[in-house]
């Protein structure tokens, strides 16, 4: 195997002007959004990416069948608008691997005519957030007004900050190739998988790409999650009262 | 030295349709089974594999003679059935090394006509198991009925899961070459070297490959181990009672 | 991307006989000095260095725009004297990367006619220092008198010691190319960003290179920092007294 | 720089039939012996080895002059017998680097006619040892009687064991080239630099190579060290008595 191997499942009619990256990260926000969109838009898998820079393991599915760790490219088309998705269960295992894999992602993007990349992630704030903002960064300043018009916030910019892994490098290395890059990060506690944050992010992203995506199932997951959290908080408060009465 | 060097000790009549991997892992279950089979079936060493991806050290044997860390290929033939074994004291030192070594194992397997690989390991459950199941994964779904008929269980599949290192990659990378792969994992606590789990695994594997292997010495090791554990438990209980009486 | 990529922003009139390295390190002393000089001398950025050996991330600036982690070369000219600066927010991610990046820095230095390199850093002593010395090392013994005449001290030499990362390797690998190397280290606690230590270092460096640099803004930062520390110490003492009275 | 660079300081009359490795390790026993022999036999430095696999740093000497981390080859000749020494302050930074560097050491050894390698080290036992044995391993079994005749012990062989780093790999990889290898390990606590253990090792090694080496300065270091240890033990006992009387 080469260090990175890309297997295309289809060779024709796979161009698209945009690529949306939703690899695992804080609160799995980006992955939740991308996986939801792939499912709602019935996107089709067009490529698989294998690499020695991924963890050396296989994933076992519900049928007991193993699958080598990989990243995948999906493609959807709706109302004459096409989009690519970069998803998977893992990012690179090593720092150098992040760079090398990202260059391969960009090779694919360029070869398929991508002119803009959206990278999705979570923005960890350390506490539960009821109305999560969508905090943003861009790799070219002229992109900012468009993002703000769609409901993205740049309030995080004042504090500087870093964007790690594929979400960051796709913007940084993409700029060198003249590809526009927008990173959308849903505010999230960082402690839980966060479909509420994903729902906020989806709304901004839908406006930016001009493709409607039904958010219902994501919102249902968010409500279910919130009920679980409420229950945990109740239990903890009850236990707190009990302990207090015991101590008292 | 190249990054991976394979030394064949014999060049002729070394083909076999199956390869059995028993490198070190959880509870040393896979290693116990493979080493037992090599000894019972009087398998012959046919190749040594050296690599910069193994730990940089030598092993000292009982005569004070050093041996560079390596993996080895053995071959046995019984009742007209041939099998290869991949064994050793170490796996790769690094994530990339796991991939690179596995590709070399598969090169050897392909060149010797291997059409199916069995990878052996332990499945850690965190507590002692009296009647260990043999939990399984396959790299092609059509292999499942055959494994179940031989006594292998797929009850673990529901929870998903991962298979790390050579046991996983041989299935994942092997599939890309069209080689069938079956991973057998003996249920084990994960705290001890577990010949009881190995004995269960051996029974299932023997049925699958159609080669009888006398399990007696493995079972004797299991009984010896169980007596040691019983003794430790007794001592601990006695100590527990003593402490209680002291406190009381 | 190659493993290391150097982008020149200007190709002509960029020679200089000296290079000053101020990458991040203990107390950020070297970085403070180099950044201060770049600003005071209105140095111009002439090259950007990108590498897979840097951390895989982008930095977000105050406008929400991302910048791929890099190192940069600046150049200034004053009173007919030219100097280059090597600065950035990160050093290499890995041991091998340090060597590989330093060889590229030296390639640039050689191609621009550099005959001497100053590397700047902090010398951590574990306690606050009121009058920080500038402790020095050289890569050729004949450089020592000149450094001492400029106020640099070699009192640290008795204890031996190590210089890690770019500051060390530029001297070690530079010597192999016949490039003179002088490392200046401002004494510092190692616990805080230390503009006072940077101010001491700047004075010695100015004398060595024969370029005057107004230290006012660095001294103002030092005073501000010292007021903050004094306040913290006061608060801690107050808290100490309170706790004592509480215990008493 | 290539990944490993070897600079010869002299090209002629540098052959020798044996190489003695004394790189840093447990109790610095091997390094003490090799450095002592180089000094007593007035060995001459004939080569320097630099590599990106060494730690990325320079060492500052007593004059404030920096030296890039390296390994060095010395050569001595006494009574018509020549020997090479491999010494330095560091071993490789990475597992792969150990293999790559050792192959370069062996290339040098082969090119200089070396037919036997002695690797020196400490054998940590976790407690102070008054009369340290010299425990041994060989890479070819026929070497054992000779080593035993010289006072080396193989009592450690029963427990198996590992030899890490250059001391191990020179034997393991050397054997592949037909070079005899003998590892001598002075018994040592593992907590201190141990000249007493080094003195025992030197005696065995001198007999093996047939070169007399005056052990006086090593024995003086050992006595000085033992006086320091005795003093520490006295102080600790005194403190122990004090504490007891305090408690009592």
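Residue numbering begins at 1 within each chain, and the chains themselves are lettered A, B, C and D in the order written.
Methods note: contacts are C-beta pairs under 8 Å (C-beta built on N, C-alpha and C of every residue); 3 or more make two chains touch, one makes a residue touch a chain.
Only a predicted model underlies this, so the values are computations on that prediction, with no experimental measurement involved.
Chemist: Over half of the interface residue numbers used by both chain A and chain B, so same, or under half, so different?
Modeler: different
Chemist: In whole angstrom, how far does the Cα centroid of chain B sit from the Cα centroid of chain C?
Modeler: Measuring from centre to centre gives 53 Å for this pair.
Chemist: Calculate how many whole Å lie between the centre of chain C and the centre of chain D, each centre taken as the average of the chain's C-alpha atoms.
Modeler: 38
Chemist: Among the residues of chain A, pick out those that touch two or more other chains and give their numbers.
Modeler: As it turns out, chain A has no residue touching two or more other chains.
Chemist: Pairs of chains that touch, anyone?
Modeler: A-B, A-C, B-D, C-D
Chemist: In the complex of these two chains, what residues of chain A are touching chain B?
Modeler: Those residues of chain A that touch chain B are 1, 50, 52-53, 55-69, 93-94.
Chemist: Inside the complex, what are the residues of chain A that reach chain C?
Modeler: Per the stated touch rule, the residues are 92, 95-96, 98-100, 102-103, 136-141, 144, 154, 156-158, 160-165, 168-169, 171-173, 175-176, 181, 183.
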